[in-house]
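One chain, subunit A, links the two complexes that follow: it is found with subunit B in the first and with subunit C in the second.
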Partner chain A sequence: MSDFQRQATQWVNPLSVWGTAEGVDVVQTVTSPNPRDTWDANEAYKAKIHKVGRFRWHLVWPNHGENLWKRWRWWPTRRNVLGIHGLYNRKTLKAEKKIDDRRPIYWLICLLIIAIAPVLFPTGMENTLLSAGAIFCIFAAINVCWTLVVGTASIFSLATYAVVGVSAFMTTWLSMRYGLPWYSLPVFGSAIGLLMGWLIAFPALRLDGFYYALLTLGLNELCRVFFTTSKAFGSASGGLYGADTYIPSDLSPFAQSIFGYYGAFALLLAALFLFRFVNGKRLGRILRMAPEKREAFAQACGVDYRSARVKIFLITSAALGFIGGFYVAQYRGVAFSIFSFDTVLLGLAMLTIGGIGKAEGAILGTLVVTFLDKVLIGIGPLRYFLIGLLMLGVVLFLNKGYFGIKKQFNAWRDKKRGEWRSIRSEKGGEALPEEATELDNKDELFFRRFDKMQRDHLKKMICPEIIEEHRLRPLGQHSEALERVLYYFRRAPMEDKYALHHIAATDRYKIIAFSGERGVSPRVVEDKEYEHVDDAYHAIFMRRIHDLMES
Partner chain B sequence: MTSPAFKTEILALLKTPVDGNEICRAYFDKMTRRYLSRIISDELIEEHRKAPSGRHSEALGRVLAYFRRLPASRQYQLRKAPNGKFGIVRMPTRRNARGSPVGVATFETVEAGYHGIFLLKLKDMMEADNG
Partner chain C sequence: MDITFVLLNAVVIASIYGLIAVAVSITWSSLGLINLGYGFVFSFAGYGAWLMSTYVTKMPAPVMAAGILAGAICGVIICLVVFIPLHDKSNFTTRGMVGTLAISLLGSQALLMNFGPRAKALPEFFGTGSVNLGGIVLTADRIGIVVCATVMLCFVVFWMKGSRRGLEIRAMMMNPHAASIVGIGIRKTGIYVMAITGGMAGLAAVLLSQTYYVAPFSGLTPLIKGVSIALCGGLGSVQGAIIAAVILGFTEAATSSLLGGQYVLITQFLVIICILIFRPRGISGLLDKAREQ
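Our next item is the complex of A and B:
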């Protein structure tokens, strides 16, 4: 409507050659716009529309066909390798196959990349990247376990690194003192971890999240103070080294690095298996039935979420102890920095960036933070700012870390879709589809649509020129624009239609409005009285124009 | 009723008594032509040239309505020549008669032919003695 340009024109009264009573032969008016434009504007979609059928690159697999019962299954279960279901495309009517959950494929691709990564490392940086890769794998394994505690079990423990550290120091000490072989270190580590977990688990049942986090942080600090001041654990040398290792010492340093890298990778795989079998099986499912703040309801339904949480915590602690023992078997010992506050904070950053509660989130967060921390050493302390900025960005803009982006994007897209739909179903006096089904007389619907178009069309013609023309001559021949507007006004239903009431006593006129019902008297619209009938006609005209423009 | 043109026409009619409706119609026709000649402008002709058919402005609509109402003896037709061009012929008033060509102008398209007829009728109207 806004793109319509009014054009001033002159209208010659056809009766002028006969001589009119008012002597108004020529009036200034506007051209009448083409009604087709109004029609087209009303029929057109306001929202941007796109051509459909452009998914030619969308990979669609054919149906199983005769191979319906020949599927790959995880031995010895009947579980399929991929969740696949067959369906018929509603448009092409072809039988198709859809993968319900593509995550196993992505996992496989990413793990393969990690497996072949040493071949892809640029020359000259192999040593840095191999050691960073080994650290990444170990830290990722720790964070996957931590995710089980924080995400699945909803226990906000910050003592993860304390468990790993205590286990590592103890196994190093045992190995040095009693000459334990490397393969026994993770086993002893698990036992120590389980003991630690048993000690820490009980306050978790009593304390709320925030206080428990503080308690575990204090525990971490306690361990740091104990081990750094204890002479038996090498307070003089900054750490305890000298344990047995699984990396053969007769290999070249490069081969040792490769050995360490794949050893750590195997640890990561083991941690992922643990995650899968704890989070995806009975314990994880029990806890998904008792999400945060709805524990009371779950308990009332017979879900024993407390014992499930404690069990997960104990299993994870044993796993963390195992990782501590493995760490010692890889690096021959451990430094005090494992207890330091910045290690805890970096670990927290890894979890936050990836998204709490998901194994893939923990691994991606670890990858990002390790890369910044260990590979980009050249940029100095600035890298901690970068980690901080990443964390801040995730907290500010994302709901559930990087792996929550898809869900967040889908929610945002649904919101936008709703907005676009509301743009398309512009009301403007028309019936909404919901109302339309309830009206029996469908003529009514079309009349409303037509009436809206009519009003849109007439609004284009309302201008000072035709108002002035009407003022000069309310009755008689009018220019096309004014005549069209008046036709519309005359055709209005009787309900609330304006009329003039002639007050005989004073010979004046007053505007009234009909009730539209037989026997119900009209109402007075305004108190103003008009001396001349033409002024009163014009006043009614102005009221109707006002109503038209407001509608 | 004081127009000299009207007087001559009426006097001619009065010489041989005819239907009174004819007198009235001649008078109305003259007044209509007088009105239409006031609203004819270059813009109006240009508007018709651009779109001889379809929706028109009110003024052009009134002119065209008058032209359509003319008696058959004052109407024109288009005739397609073997070379594919259009020529203007006068509309025959007798059954099975062939219209006589008007002028030698030929038009490439039907639309141009319509506009040619419009200009012819306009000329007729402006040249009418009593306009």
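Our next item is the complex of A and C:
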């Protein structure tokens, strides 16, 4: 039972100086364990515990009740720039301010960094970084629009780059053929994009998610083959170049790069505004009501999710066409590589790395992939390897890309917390946490805890020596260990308490158990009859010990 | 320009792309995985066959076996890396698809690094003879391609109908949850499925390299054609894929002989879109709600 080493000892009755009824002053017995050990063992946590609490460095803004409603607002509405609420610290009772959503601050910081990035570029790499930066901004704009289609509208379209490419080729061709000025190219581009979107939205109405994905993958290939093989679009030269551009040609090459960089940055800002005003307003909210596989419920609530999806698809297609026209106005034309499978693959890698469905995910993914693809051009094909590994790693380990890490981590931590809690909580008399909250009499909980501890201690005391002692003298003065055990037994509630029944006819004894209810007769526990009352006492004692050890 | 020539071409094209389409179809319906890594499986198997023919023997049977084996190994690799870790995670369909794409990116780059960008040619297996059947000249390689593809397809269909593993795969196609409840291991079945479909893609690679070459990125066109055929026939249906392969093969052959090669994809996609608008689940797509996880 326990590793407690018993030693033979003598128990001296402390009352023996006044004389005892039976003249027993000294009892041969064994040492009993220290109750303090049981107490400590019950108080200790079995699982490893850690220090908890708020981070010391967690930034808390002080507040005053008067200041709480002094906020920045978007003029002329009453909408807040930052969602703030005031609260009182439960420990210090100080007024504090909490920002509910810190993302606007992060967005501002990141966009500022992109805006001043040309100043920060290391000398010698400015040209590479500026051209990579312009490409990053344009691709980020495309991916933000793609996020609207894939995330908000849940149409898994892979034809995004096809729309951009078709619009770019058509506007280049128009510009070369009819001499259109650069400022008209994005406008024509959006018209072409809208037309293209209208054409490919038809199958989207009928097809399910992945059927549509595969179909659009094919459409992309179709565009590639069509434009590569047709003579009008410069099949021999690897692309079509010669459109009008907005970058003045009398500037120095470096100034031209700067000009292009900021033009592309403006495009990115425009794409982000589009995302904000589609995803965050009515259309986006309608579609948040109808996520994939729960469309039927949304429809039953009166949400017309189909038309909302098609509207978003058309808006996005026009925007993508605009980007195509802008691309042409920036680079004077476009190469066939925009239709290639690798472009789709890299685009998908960009979306996946950041997390599908979030604008910040699209931008971060684009940043990472563009950096690997355009800046680390010196390491050769190894960079595609890196992109592939990154993509595979993100898909295998993250549910929702980089920006889903926090949620995933919290879910994992909650799971682990539950596991640890279940290790700590014990059964056996003590209340379960769920039960404890529902008990009104909290004394009951403390009694159960004490009772469990006492039983643990008594279990350690039981040994053959005290059983033998009881068998020899069931009544009268006993050693400390036996006496404590007997006190516990005697204090048991009346329900199912063992007792002896004296059969007068035969002068024998039987063990019975009380019902605990007035008027309900006791039950007979066993048929065995005992001749001597001391044997019967000992039999009851053995039963009680048995029950104690079982509990 | 006679109709028999067009039909003949249609059958040859259909038999090769049909193999990949059936592979895509089986993988989707039994595992729920949209495997866009077949392009890589295709090139990998092509290089496997090429290594066999360069370093060991040029005999047709071992080279073809090497191609099939390499394809099966590559399929199992995809299964181990993407399917087994992901199949019980949230968002499996999207993540599985992106995962197979990532494998195909990694694999193609690895092939490019190892073997260089130059295309390799496989020996001609079926000789250069020809048979004249009532005015129609059948060259040996065409007969060989059609016969091999048909034999492989029949083998797969009979194996799926007759063997215990095939029964497991068909049970997974019907209802993956019920299959796992009655004791069919999803992971084990996944490995069988990917091995057999990888073998089919491998054979397609060997057969197609009779006409084209083996190159790191040569798997893309067959993949897209296979996927379109599987889509048109209905993901999850073998007979649908075969019907669609015949229809699209015929479209391709007719377009290239009547209009010209660059219009092939356009007419094919028009046909596919027409079919899908009338039957959104493909020609014989039976899985309406069954594969909803």
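Throughout what follows, the second predicted complex is superposed on the first by the 377 of 551 C-alpha atoms of A that agree within 3 Å, B and C clash if a C-alpha of one lies under 4 Å from a C-alpha of the other, contacts with A are read in each partner's own complex, and residues count from 1 in each chain.
Convention: a residue touches a chain if its C-beta (ideal position, glycine included) is under 8 Å from a C-beta of that chain, and two chains touch if they have at least 3 such contacts.
The structure presented is a predicted model; accordingly, all values stated were derived computationally and were not measured.
By the touch criterion stated above, A:226 is placed in contact with subunit C alone, subunit B being left untouched. In the overlay built on the shared chain, the residue A:396 is in contact with subunit C alone; subunit B does not reach it. More residues of subunit A lie in touch with C than with the remaining chain of the pair subunit B and subunit C. After overlaying the two complexes on the shared chain, residue contacts for A:11 are found with subunit B alone; subunit C is out of touch. In the overlay built on the shared chain, the residue A:120 is in contact with neither subunit B nor subunit C.
The intersection of subunit A residues touching subunit B with those touching subunit C, taken from the two complexes, is empty.
Of all residues in subunit A, those touching subunit B in their complex are 9, 11-12, 14, 16-18, 31-32, 34, 36, 479-480. On the subunit B side of its complex with subunit A, the touching residues are 31, 34-35, 38-39, 55, 57-59, 62. Those residues of subunit A that touch subunit C in the complex are listed here as 156, 202-203, 206-211, 213-215, 217-219, 221-222, 225-226, 229-230, 293, 341, 345, 348-349, 352, 356, 381, 384-385, 387-389, 391-392, 395-396, 399-400. Looking at the complex, you find that subunit C touches subunit A at residues 34, 36, 81-82, 85-86, 89-91, 93-95, 97-99, 101-106, 109-110, 112-113, 220-221, 224, 227-228, 230-231, 235, 261-262, 264-266, 269, 272-273, 276-277, 280-282, 292.
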